[in-house]
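For clarity, chains are labelled A, B and C in written order, and residue numbers in each chain start from 1.
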Amino acid sequence: MSSPLLTAQQIVKNFGGLTAVANVSVHFDQNELIGLIGPNGAGKTTLFNLLTGVTPVTSGAISLYTDQGVQSLNGKRPAEIAQAGLSRTFQNIRLFKELSVLDNVRIAMTNHYQEGFLASIFRVPKFYRTEADMTLAAQKLLAIFDLTSVADQPAKNLPYGIQRRLEIVRALATKPKLLFLDEPAAGMNPEETADLTRLIRQVQHDFHITIVLIEHDMSLVMNVVERLYVLEHGALLAEGTPNEIQHNPAVIKAYLGDEA
Amino acid sequence: MQTFGQQLINGLSLGSIYALLALGYTMVYGIIKLINFAHGDIYMLGAFWGYYVINQLHFNFIWAMLSAIVFCAILGVIIEYFAYRPLRHSPRITALITAIGVSFLLENGMTYLFTANTRSFPQVIKTVTYHLGGLRISNIQLLILGTACLLMLLLELIIKRTKMGRAMRAVSVDPEAAQLVGINLNHTISFTFALGSAMAGAAGVLIGLYYNSIDPLMGMTPGIKAFVAAVIGGIGSVPGASVGGFLIGLLETGVQAIGLSAYKDAVVYFVLIVILLVLPAGIFGKKTKEKV
Amino acid sequence: MKANFKYNIFWLAVMIIGFVAIDACEFLGIINAFIENMLVTIGINIILATGLNLIIGFSGQFSLGHAGFMAIGAYATGIMTQTIATPLGFYLSMVVGIVIAMIAALIVGIPTLRLRGDYLAIATMGAAEIIRILINNLKITNGAAGLFNIPPLVTWATVYVLMCLTTIVTVNFIHSRNGRAIMSVREDEIAAEAMGINPTRWKLAAFVFGAGTAAIGGSLHAAYIQTIAPGDFNIMASIAILIIVVLGGVGSITGTFVAAIVLGALDTILQNFGTLRMIIYSLALILIMIFKPSGLLGNWELSFKRLGTHQRKEQSIHE
């Protein structure tokens, strides 16, 4: 049993009279690859939004375990949560479209460099040094994911699959401890999905981070994840290894209906 | 109490002018998301039209008003056709600058043709002041309030009950989807400009009667105030524009009444900012949240 | 590093050549008081519009209140140089103006920058009007009459040097970690936030920076024109700066330069047309917008660095 990284205890989210997430408790451990599945409208993305602070929880506790101890993420702004080490991608790709691929990655590194305001506007040598460091780090990251050749292109010009990949690279540039991937294989062909599967494994292996993945593509999910949570109607339906989930009668019923 | 009542009457009269103008802003914004900067100048042209037909053609008030409404409606459609339609798919800030250009053109064109001098508006209706329990209220004030309320009611009926009104509402929600169900986008937008400009034309004749003076730059400040009124009410919302207009009219007269007339506009803007901070989309505006 | 140095030398050379050219024309008597006035106005407009372009084009926040911050700079200089009528006094007053304008921008920006699009525009316009109305009613600013006989502590050369300085500083700001963070908020606020970028903080940074440069423009205006009144800083003044930004191309500093020069020259040429002047001006504005909807230069930027790399690429193709 590895040590926990992020726990959410009995979180609830109400939109008006509608309960989108009902009393869900999850825990993500260090260096784990977890899947989050469920039918459309089950509240998967809402759960991501709650954990990353995009929407505040109605009740419940979210805690991050760091070297300095346990830190509550309740009521924190998304930017603070990102700085604490949670990063994400989006279901409908949200790149900085007009900016170059290199800039997309460098922007994600903003908080890791500090050249000072005056240094930047008066271009003292320290500015050039910081800038060079930052660019080098970004280029290294791009090289790992085979994006060097498009580094100067505006992000909007990239093909769909590459945009998804860039979004993952950008999220990694924030040096996260935990990475949320929201349907990374959506709209991809089988070949691209196979690439993505390799990519996700590689990220977890090379960067030693925890990855949580929302995905509808069962071949991808069952292939890469170590543990799964199944959501239905905003509530937790099941938890277990891919094998356990595949044989769980409640999950089969939720996915295939009563006849199954 | 008496002064309060008196200020209420004055505020409502001024407010109904702002409300009529604000309706034009809000309808145009609702449908093509453009701050029609030239709207205040349409109101100026309405006043000049009234001045001309009363003086030269000896129209009575009703005919002057109706002809000004028609004239301004046509003008609004023409301006939209030449200046805004080519920019429908351009950045919104470009359309805004074009609207500012149109405003400059109308103001300076009129200055060129009629000089910048102030003219006194012919008083086709003899002012009669009624005394009601210590309150003074003129027939002109009643006329302004009455006409404004009538026009607003009419507008509400057009928007809610007619086919064109339904098309307007459809386009303001989703232009593409509206086109898919067979709504003619160009006609609907032209109609919106016609309606909005008609209201401004009516307001122009009314203000001429009320203040008795007109000049080519008279549309500038009320135009901006009316836009502020539309924003306070929630831009895009028709009842919001009326409420915002009356609110600003009352606020202005109220601040003047307590002896702070030098700070009249500052108070209006301050209230604007405070309202926006509490209700970022105005009083009747819908707050939209981006889906993640 | 060495390459950067080379491009910086290029730019420095361009600036020196510009200065020498104007100086030579002054010496040869080609530039009379009228043309000098035009050049100074262009210079001040460039300072003002560059700052506004940072706010509108790069941070994506629609501000309609630039003249309010300009007024603060102008009045700081107008008031202070009447007691300290020395060049030092002028620069001191400019610094005071910048600081006050930045504080005012913080006070205005912290609450209003949460608003979006046109709501922000209208709120900033309101804030600028409040500043103007305060100036209109204060004793120290001499109310609606304004200030006269401000000591002439500014020459065209001062304006030129300050124009270069503010442009360099603004462009450096844009092409740095700061500028990229600001642009990311413009591109996608939600994504920027998920990358740890605090949108309010960076929007505010651009807004306050822009307000500071507006104050510089205001100081120069006051000391060069020598007369200021609250009416000089009304909504129409803010709109005039906005027109330069949009006409040049939102997001292009080069475009801002071109638009300021074109409009300045147009204004001077049209002086002879009397009342027709504004009619021609407004028609030109409408036509340019219809035929060039993204401004004269779009978001194109003159860059020696790009020219350099372009040439190198071509060479490698030929080799």
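Throughout what follows, contacts are C-beta pairs under 8 Å (C-beta built on N, C-alpha and C of every residue); 3 or more make two chains touch, one makes a residue touch a chain.
Everything numeric here is computed off the predicted structure, so don't read it as measured data.
A centroid comparison over C-alpha atoms places B as the chain most distant from subunit A.
Among the chains present, the centre nearest to the common Cα mean is that of C. In terms of C-beta pairs in contact, the better-connected of the chain pairs A-C and A-B is A-C.
Inter-chain spacing, taken between the CA centroids of subunit B and subunit C, is 33 Å.
Computed from the mean C-alpha positions, the centre of subunit A lies at a distance of 41 Å from the centre of subunit C.
Rounded to a whole number, the gap between the C-alpha centres of subunit A and subunit B is 50 angstrom. Annotation for subunit B: residues 292 touch two or more other chains.
Counting partner chains per residue, subunit C shows two or more touched chains at residues 190.
Taken residue by residue, subunit A touches two or more other chains at 54, 90, whereas all remaining positions touch fewer. Residues 292 of subunit B touch subunit A in their complex.
Chain contact summary for the complex, subunit C toward subunit B: residues 56, 62, 111-112, 114-116, 118-119, 121-123, 125-127, 129-130, 133-134, 136-137, 190, 235, 239, 242-243, 246-247, 250, 275-276, 278-279, 281-283, 285-286, 289-290, 293-295. Those residues of subunit A whose C-beta lies close enough to touch subunit C in the complex are 52, 54, 77-79, 82-83, 87-88, 90, 94-99, 103, 106-108, 110-111, 113, 115, 117, 120-123, 127-128, 130-132, 134, 170-171, 173-174. Looking at the complex, you find that subunit C touches subunit A at residues 1, 4, 8, 169, 172-173, 176-178, 180-181, 183-184, 187-188, 190-199. On subunit A, the positions that touch subunit B within their shared complex are 45, 49, 54-55, 90-91.
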